[in-house]
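Chain nomenclature is as follows: A, B, C, D and E, assigned in order of appearance, with residue numbering initiated at 1 for each chain independently.
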């Protein structure tokens, strides 16, 4: 067990997952002396009937829902956050529940900052003034798909992100009534993002044991349930296991420095309006091929997590790291029909790759050189092997 | 006596010049009190307009025809049609 | 941004499960009282409890309750459904109505419910465990084997509870529980 | 890795580990906007000079409010009140607990009083009665084993009422747990062995008890791997910093694992032996672990079999056929006890009768076994044990543990076959 | 003066890198299939450019096409076309302009010019009947469009120039010719990226004579009669110009107010065409030759200025809540001098004001107050400070600073001055227009909001109407003739003239298929056939003309899908899909999803908006 010379680890979120998990929310809220949460969710979810199930979970409880703010669509804007904060103050709520994924949770976190710090200017925290104290209790209930960023300590509002340990949700509720996905693309997108985050965390160079533990269990569930989840998105138990994987991958990711795949995918998504998941699916194989090409060691733990004890023990020691890479590629191959393989199929213009690589390496704080980013992008563009 | 309602008509594109209205303020327009249930055509004739077909009439964002009924507090803009672009 | 298109929502009540759980609590309460007279193990458990022992099992936040305790002359009695006015020494709360339904429809055994944090116990832990053992025994008496086998970690072997004693006890408990 | 039908996991402690971890304390205090911490520790820790190391590491940047070092072996109600008084008088704003289980539990008690006011601990006793964030609180464990920097509970005795008050709430978790090998460098070999086995028990029990969940499983897997690789090495050459750090990490991860998936009968028995005969917690754990595995073997054989992988490494795991793996695990644990026994020159007990107190008398007489069995069946951890444990089962296990002979399988009463997680 | 019968199909291909030019022939088949103008330009680039290249790189090409009606004396035929790959949207962009450059090039004997490559130093081109001369533009590089224009006009009859904005590669720089502009999509930036300051054409060397004079004269006479009879072209446009629409938009609630949050405003009449005509005693100042005379000039506090068009008044006036016409004229002058498209500038400034209001960026811009706007326009032109980010367009700026939910653009092109929530059919047209949020793709708002010939909020027949109008207007743009003639051609034929407007509305509402096919637009194809001397079959000729329009539109869509445009781009800003207008109690939004699927099926696209092979084959577009 390699222990780095120095590492820090924090997971502020409490995870409760399983049958009747949502019914525990009133009790958890009592633990915070909060009885009137504001619910932030998306228009699509409230129309899909999942919100009715969510409200049903509060039967026979002392909790009154201060208001269901369901105007969030697929973009977290400051306008939405201000409206929700106004509703929060108006109703005198004392905690926030975000039902849904990416944008809903971002708006909820933004509202949390606005109401806890009693301010209207959100962006001064993005430009330097640090968050000082604990915010209001924030509960996240993911539904059908996941953007991989719900449980992290990062909030992205208006394309700007802020990371602080006070931004972790206090409670993550994974309930089998909410997790089944509606479409296979939804599952494909979420599993690829979780896979990229988990593999990134597993192969990060500071490999602290805590990060490895979270990444291990996330990869375990992905290995076991990903292929089945793609075939049957509505299957209850598989979707619950996959949602556990998304949560654990996100927690591992928020403690490890952001991997190259994540940075490149976010920049590409910004430049081309195509979702980051699709780029992660393309870039992940090439990043690993690039690491093998530069003789960087891919740790055996990756294969152990994906294959399980028996298969790991059975394969001889020297080709376990290669087997790990093959296992990742096999899992991604399951996305045959749903996601394009190269950036050329996505018609990403080639001339934009230059400044994307520059922006990504700048955001990585020079951990990844611009040349490396550029080579990975070029290979991924044409689909050329190393 | 039929109950009276007040209606406001705004003239644009030089129509107020043709009707020779003095000190006409385009933002407030001309307010008329007419018996309720009367149609736009009657109100325009009352205001002195003669040829109706060559103008476009709008009420709260929707185009209306000359024989649509008027209600209390309606605001009708009357102007020459144009194509846009 | 007009706030009345986001109305405040009070989730209301689930009457069926509330009534079902109330009845089950009543039955279990009465069964404990009956068992404490019939079964020697239950008697032994209750013997060690202090004189002012008063247990209340209730569903948070204001669900049905079951109060069982020792009356003046030390006999275990089902004290009804209202905990007000009684000095409770041990409270066993079930966190939500749904959790109670899981337990009382035997989808989850009492011990798995504990493991899944459906219960919170306030007061002396030793008494709490004794009550759990009593509940297991009462369940063995009240319900047929196929159900209880799921609900209990280890169904009492012939050696511990002979079939004769079990059936006799079962009949007496049913009679005592349902006759006032 | 199975997905349980329901589980909860919460471990809100910021773990800082490394050779220079102590030097981070000033920065951490500053980020929590506090300036005057109070140190709570016990005589043993001060004697070993650890407080000196901590103060030197913190340097001039932080002004220590006061150092309170008279914490008894078992945390006590009056001690908590006294410390709280000093805390308020000196105007401290945060707490640093340096030491083992008792110092940490006392510090938790003090934190309750100073943050929520009042001086009657009773009205905060029980589960989830603390409803808001307490003052900033840092724990520096000096034994890499108890893992109590990860637990959300504190047990404080009240001798005049002769009761043990249990406080359980997620707000009792410290803000920061600091793992620095310099803290455990001076831990004598037999204590290292003792606390190491305590951590191993936490990890193993977290793996097969009813509160099993994916996060605890992977933490337990890594903890077992760390302990099996480093414990013997750390006992043999205490000065090796790398092994010390690895042990500290393994202990913390084991603590994180068992504080969420809770432990079973081994801890039940351990608490009772500790309560009745004042035996250090670690010793009992080392002794009862093999028996706990044997007792629950029929209920979760394949899960216990999986422990062989981190315990003995992939090669051994691959060579032993699936059916024999649980047996190998129990054998290895006994062998570990044996190795530690030889490495510490006999001071590490292998079975109950070998436990001797300072002046060599037998601490656990055979006659005490019934009393131990009685308190065991009243211990809260039995609920999480896969197999039922009645009074006579406890007696059966205790006799064998006393003698040191392995349990014979036929005697154990077998409950329903498969555990439904 | 030699004579050209019909068209001589001569084309100039200029390679700036090698400083060479080549005279080539327009392929006969392309002329028939794509008519000329926009259609021909697209086909020329389709054959020469492969997808995925950098719009500001050397291998991007600009095609200037003149169309066959130019110089023949047909009404409003003084306009030319430019086509290139837009740096603002990353897709193809086609723009038209009425400046003298078109007539000059046509009368120098060229039907089309293609510019390729990149000059090493700033140059300008001199074109005459013999060919091209490359001249150094050091003297005029950095000058504003008026000064540069004046310098070039010494050498020829018509010229196009770019301003400082084009030189600094502002993504929405435009090209000036006379005081008319080739505005949208940043074609000026493409010229700037080629170091090409301008092109001047000698002109007046050829005389264009229609092949079949008799038929052409008959059609021409009928065309002039229609234009002078139609109330719109002869009435409101001739007297008040395009600004006659201000009051109409305000009345029908589709005037952009405060970054498209409100639909109308009490003070909107202050900036209407009528008020300006009165205050500034306007005179005509139009493209040559023009029969409608919609452009105007006026004296504003002493100096002669061109009166801004409706789009500029809408986007830089009411959208910024500024109701002082003199102020808007001043900004219009500023944008013309620097060579910036007023629609995109107005849209980006409105975004900046709302972003400042919400704290995303730090500027002193505020709705309703003119302070800081002129300085910001200068900063954008010279890319200084925040101007550098705003020069990238509101899409790129909102990606960097956030506020994507109120950046009002489609595919990167800022939206014109019509709020689609008041005319949902036009909302669909904004989404599916090839070059982005362009109002000229299918002028549906006039049917829905102005003329009341279709109900503004119904969605049933709208996909079919959008498709029909897109085809017709693409064909018209390929003649090329001014789009305003459409009011005369559509509304004057006897069938439409006599049926009362409400009846048309009902017909359009329920039997739109029949109603639109009864439209008699034969006037345009008659002119086209007359000029080229081809025989015109009365009804079938018109159908062939509309099919050519469909071919042009689908070709442009196909070229765009090769650049990555698909269903995810055919959308509207979130403001129109979620919020209602302030002036509309019922808070209507645009039900886009309801219409988009049907539109794709009508167009023969697949579910992701890519033209199917079958459609391309039917329109005989060669697949590369």
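The working rule: a contact is a pair of C-beta atoms (placed from the backbone, for glycine too) under 8 Å apart; a residue touches a chain by one contact, two chains touch by 3 or more.
The structure presented is a predicted model; accordingly, all values stated were derived computationally and were not measured.
Enquirer: Enter the minimum step count from subunit C to subunit E; a value of 1 means the two chains touch.
Expert: Minimum number of steps from subunit C to subunit E: 2.
Enquirer: Determine the set of chains touching subunit B that also touch subunit D.
Expert: In this structure, no chain contacts subunit D and also subunit B.
Enquirer: Taking the mean of each chain's Cα atoms, which chain ends up nearest the overall Cα mean?
Expert: If we average C-alpha coordinates per chain, A lands closest to the whole-structure average.
Enquirer: Could you tell me which two chains share the largest number of C-beta contact pairs?
Expert: Greatest number of C-beta pairs in contact occurs for A-D.
Enquirer: So, comparing C-alpha centroids, which chain is the farthest one from subunit A?
Expert: B
Enquirer: Could you grab the centroid distance between subunit B and subunit E? Build each centroid from C-alpha atoms only and quote it in angstrom.
Expert: Roughly 35 Å, centre to centre.
Enquirer: Distance-wise, how many Å sit between the C-alpha centres of subunit B and subunit C, to the nearest whole number?
Expert: Distance between chain centres, rounded to whole Å: 79 Å.
Enquirer: Could you please state the distance in Å, as a whole number, between where the Cα atoms of subunit C are centred and where those of subunit D are centred?
Expert: For subunit C versus subunit D, the centre distance works out to 33 Å.
Enquirer: When the centre of a chain is set as the mean of its C-alpha atoms, what distance in Å lies between subunit D and subunit E?
Expert: Measuring from centre to centre gives 76 Å for this pair.
Enquirer: Please output the residue numbers of subunit C that touch at least 2 other chains, ranges allowed.
Expert: As it turns out, subunit C has residues touching two or more other chains at 116-117.
Enquirer: List, in ascending order, every residue of subunit E touching at least 2 other chains.
Expert: Nothing qualifies.
Enquirer: Which positions in subunit D are in touch with at least two other chains?
Expert: Residues 5-8, 128.
Enquirer: Looking at the whole structure, which two-chain pairs count as touching?
Expert: Contact pairs between chains: A-C, A-D, A-E, B-E, C-D.
Enquirer: What residues on subunit A touch subunit C, complex-wise?
Expert: Contacts found on subunit A: 18-20, 23-24, 26-27, 30, 55-70, 83, 86-87, 90-91.
Enquirer: Spell out the residues on subunit E that touch subunit A in their complex, using ranges where they run on.
Expert: Residues 51-54, 57, 90, 358-360, 398-406, 561-564, 568-569, 574, 577-578.
Enquirer: Once bound in the complex, which stretches of subunit D touch subunit C?
Expert: Checking each residue of subunit D against subunit C gives 5-8, 126-128, 163, 166, 209-211, 262, 377-380, 382-384, 386-388, 413-416, 420.
Enquirer: Can you check the complex and tell me which residues of subunit A touch subunit D?
Expert: Contacts found on subunit A: 1, 3-12, 14-21, 24, 30-33, 132-134, 165, 208-210, 212-214, 216-217, 220-221, 224, 237, 240-241, 244, 248, 308-310, 312-314, 317.
Enquirer: So in the complex, which bits of subunit D are touching subunit A?
Expert: 1, 3-21, 33, 128, 131-133, 169-170, 214-215, 217-219, 221-222, 225-226, 229-230, 242, 245-246, 249-250, 253, 306, 309, 314-315, 317-318
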